[in-house]
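Paired with subunit B in one complex and with subunit C in the other, subunit A is shared by the two complexes that follow.
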Partner chain A sequence: MTDRIVFEDVSRFYGEVLGVNKINLSIPPGITSLVGPNASGKTTLMNLMTGLVRPSKGKILVRGVRPDEPEALFKLLGYATQFDSFPRGLTGFQYVHSSLLLNGMAEQEAERKAWAAIERVNLVEAAKRKVDAYSKGMRQRIRLAQAIAHEPVVMVLDEPLNGLDPLVRSETIALFRESAARGAHVLVSSHVLHEVDMISDQVILLANGYVVAEGAIRGVREEISDKPLEIVVRCDQPARMAAALFAHDHMVEARLHADGLGLMLKTKSPSTFHKQLNRLALDGIEIESVAPADEDVNALYEYLIGEEGGTK
Partner chain B sequence: MAVYKRSYRSYQGELTNPRFRFLILPKYAYERVFAPKYMVALLVAAMFFPIGCAAYIYLLNNLSVLTSLGLPIPSFLKVDATFFRFFLNFQGSFAFILTTLIGPSLVAPDLANNALPAYFSRPFSRAEYVVGKMSVLVLLLSGITWFPGLLLFGLQWSQAGWDWTSANWYIARALLFGGLAWVLLLSLVALALSAWVKWRTVAGGLILGVFGIGAGLATMINNILQTDWGSMLDLSRIMNTIWSSQFEIENSTGLEPFEAWMAFFAICTVCLLMLERKIRPKEIVK
Partner chain C sequence: MNFPLWRTQVQRIVALEWAKTLFSRRGLWVYALALLPALLLGIKSYAEQKRYAELAAIVEKAPKAPEVTNRLRTGIASDEVANLLRERNVPFQRFQRGKREFILYSDGVGRFRLIFREGKMAEKTNLRVASLGMDIQAYAGIFQFFYLRLAIFFGCVGIFMNLFRGEMMDQSLHFYLLSPMRREVLLMGKYLAGLLAAILIFGVSFLLQYWLLLSPHPNQQVSEYLSNGGWGHVAQYLGVVAMAVVGYGSVFLAAGLFFRNPLIPAAVMLMWEGANWFLPEALQKLSVIYYLQSICPVVAPPNADIPEVLQLLAKAAAPTPGPLAVAGILALAAAILVLASRAARRLEINYSSE
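Moving on to the complex of A and B:
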């Protein structure tokens, strides 16, 4: 379990205000997205694992290291905050370089690694300019550079894709994937759900300081049994298929596509549905494709958080 | 489900001694502090008086060789406790001016820029941050107060010989402790006020104000209540009492050395408490 980030019954209160409550998580390496509306506890969760705030209750271990052991923790961990967080007057290079010096690297090593990180985020040309003069996207990139410069195995990145143009966004996602592929933890918080869907191995959905769901997106969707699964089927006889399926209880709804070559189905029992689908295929219905329509973060967000009054 | 290789290794190289990492802060701070030319000019100006004093000590000692023939040296020309007390007073004023200019630019911009999480998401504690920022002022102010004072004492020692030194040893102690106390007080007040108000200009004004308002309040309390206890709010009077006691010179501040030290430690404690409250990683709750 030492390669996991573990939260055991963690709560954090700010006076009478709830930050997060009774969090139990065991996060494996890979890309994990924290998703939730404003004030759901995403940043608090990140601050807790980086030791910037202490839990009011419970225990946290980041790959076996407690967040109140900064020397050991920050060897493993790099953090990029969501908001502008720069000492005034520093150039991009100085910002990354001084961060590395604070991490305990010797002057020359810090310089080498600072340039390497700046190169990874494509900011070499602007590195000698003051961060104050950077655009939002450049600030985001230099923040990312300081978070990854000391080669951490745990990257905690608060809204790292905000303000990035599409090209840099895809380069950044590639960087996350590459790190995750080598066994690092990449924890990102995001509001952009289609991106979360695209990049995450798993999601943690938060609302009002509580974890409402966690795990691989598909697994989480299967757990929501009170919401019928939406499936889109493209086939040559959609009307016949709908009639055959409605002979059974699990079917909730079927809507034929306007082109007459497909239908959208809602079923309470995906396993029964798939068995019947096989039978219908053997009976001569030609099936072109079968795809879940609500097995994504967007749907999870709506089912689990949207109903609780969260904002999408 | 993605399958990952476990090939990623964090940095395993040697690390620097954590005890001295606070010195990274002055390294970058000095670059910024001395970017304006007037700051360099001010620092150079702060060196004129010590250089003049050094020349004076040299000349006076060589003059005394001549006067050993029988001519007396007037008492106001002597290099003694009063001379060094005046030196510390003069250089202390320069230190105050530098503090009002440099002090506000140390912590206030970090707080205004929400930069504290950037420092504390490193193996770097709040105490190290405060010590690091303080060291910017402590090193600089020491360089124009007690350090040149001790050099002058050494020069006088080399010129006047062991007899003078053994009789005036307390002057070196007074320069060191009196100078350090002033530097410490200025640094703490500057840091605490700039952490509290966050704005550089306001913080600079406040540092000036604390000394001015403190003196005014002290006089008011003393006059209304017919007491001397109000002087414990006057930072200049506190330091004058401490210096006078250190240099074993009579003082007319109305404060006893013990009271001055009590007030000194109380002010330092308040400043540390203010810093403890303000220097925290920003907690942004989403």
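Moving on to the complex of A and C:
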């Protein structure tokens, strides 16, 4: 289990106020998104994992390392926080470079890695300017550069795509994917659900300090049995298909598309539906595509948490 | 135990922090505090230089002026004194205040004020220029009662409390806490950065003060003083400055970790250190100032600001021998830093509550 981030019955209270409660997680490598409305506990979870706050109860291990062992932890972990303040008077380059020097790196290696990270976030031109004079997006990028500069195998990134322009955003996402492919943990918090949907291998849904659901998006969706699965089918005979399917009681709803070449279906039993779909295809209905309509974070969020907070 | 890494990290923190501490806008008042005695001594030095110049001019213009001083006896008539001064070209001021008549003059050695009642001399006061010895003695008082107890004390409050608390308020402490570095190493790096900055500020100010103290006096006297233990005094005072910063710095660094409001521990500590003179001997030894006074090169005259009744209660404990006093301060600082490092290990980032 040393390649996992493990939370064992972790709770954190701020006086009487609940931060997170009874969290049990075992996060595998890959891109994991923490999703939840404001004050749901996303940042607290990240701060707990990085030792910035300590659990009131429970145990945390990040790839086998306790968060109160900073010497070992931050060799393998980089954290881009949401705190929008920097040590006074530093330029962007100095900020990243100093952080690498504190890692114990030699001057030249630190310089090389600092420039590489700054290049990755497309900030080379502004690197010699003081961070105080940066725009919000630039500050976001330099924080990201600092978090990834030492090439950590665990990246904890609090709203990392906020304020990034489209080009840097897509480059950053590519960086996450690349790191995840190498076996790294990339933990991202976000409230931009379509973005989460696009980048995540798995999600952790949080509400009011509790984990509401966790796992691969599809797996989580399948566990929500009280909500019928929405499926969009494009085919040449949608009316015939709807009639055939409604002969069975797993079907809840069918809505024909206006162009007459498709329909939206709601079923309580996806497996029965897929069997019948195969039979209909054999019976001569030409099926162009079948796609789940609510197997995304947005739908999960709506089903499990409600509509508060999320940004579609 | 990765000592080479810790050493490197401490060096990096010192490099990042000390200039920040030295040039922080928040710390401008520390400079004001450090330079206040230098400013006062500068004014005094200017006034004394002027007096020395006046005396030198009189020696040149009226070389026989001291003869007048030698001939003054109680009961001598004011007119006679005026004539003596005129004969020897000594400038003087003569004026009446009520029933008393005054004559002020300088004979090149001292400045005299003569008071006449009913035309006869009743009082002769030598308003002489402070001698080097008197100035050195007076400075011991300034150093111990103002510089150590107030300037360096509050300077350390400003510098050392900000090392952690200031960064919490600026919301930038996480930069360090997210580095692969033990909290103890961070604490030590910040402490050393604070020491460097504070010793530089207060050491330079002390040198300036001492230069201003000596500068109005004749070169020969100053050279004699310096070559007969004066340089030793300078070195010892600098050592006391360094030890004061070591002691108070550790206290206020720890206070910055334990308390949100620096005024409370600073006020308590100030009272403890200020009341030191009135405490039983055993308790006096539990203060920083006791050890600092033990290593001061010149014993300060009693504090004239303390009312006589209270002075009766004041009983200074016998000073500790120098090396023991230094060891005492270092041991105190080390013990406080150990406590502080425990607090640093438990430190959390919760900026919203700052």
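The rule is simple: the second predicted complex is superposed on the first by the 306 of 312 C-alpha atoms of A that agree within 3 Å, B and C clash if a C-alpha of one lies under 4 Å from a C-alpha of the other, contacts with A are read in each partner's own complex, and residues count from 1 in each chain.
Here is the rule we go by: a residue touches a chain if its C-beta (ideal position, glycine included) is under 8 Å from a C-beta of that chain, and two chains touch if they have at least 3 such contacts.
Please read all numbers here as calculations on a predicted model, not as lab measurements.
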item: Side-by-side fit of subunit B and subunit C on subunit A, or clash; value: clash
item: Partner chain(s) touched by A:Arg182 [first = subunit B, second = subunit C, both, neither]; value: first
item: First, second, both or neither for A:Thr44, with subunit B first and subunit C second; value: first
item: Touching partner for A:Arg54 - first (subunit B), second (subunit C), both, neither; value: second
item: Touched partner set for A:Asp68, first subunit B, second subunit C, both or neither; value: second
item: Which superposed partner A:Ser99 touches (first subunit B, second subunit C, both, neither); value: both
item: First, second, both or neither for A:Glu109, with subunit B first and subunit C second; value: first
item: Which superposed partner A:Gly260 touches (first subunit B, second subunit C, both, neither); value: neither
item: Subunit A: partner with more touched residues, subunit B or subunit C; value: B
item: First, second, both or neither for A:Gly89, with subunit B first and subunit C second; value: both
item: Offending stretch of subunit C which, after superposing on A, collides with subunit B (from 27-35, 45-53, 99-107 or 117-125); value: 27-35
item: Residues of subunit A at both interfaces, subunit B in one complex, subunit C in the other; value: 14, 47, 50-53, 70-71, 73-75, 78-79, 81, 83-89, 95, 98-99, 101-104
item: Subunit C to subunit A touching residues, read off their complex; value: 2, 5, 8-9, 12-13, 16, 20, 24, 167, 170-172, 174-183, 345-346, 348-351, 353
item: List of subunit B residues in touch with subunit A within their complex; value: 1-2, 4-11, 13-16, 18, 21, 24, 28, 32, 109-110, 112-125, 281-286
item: Residues of subunit A defined as touching subunit B within the complex; value: 3, 14, 17, 19, 29-30, 38-44, 47, 50-53, 70-71, 73-79, 81-90, 94-95, 98-99, 101-106, 109, 113, 146, 150-153, 179-184, 201, 216
item: Residue ranges of subunit A in contact with subunit C within the complex; value: 14, 47, 50-54, 68, 70-75, 78-79, 81, 83-89, 95, 98-99, 101-104
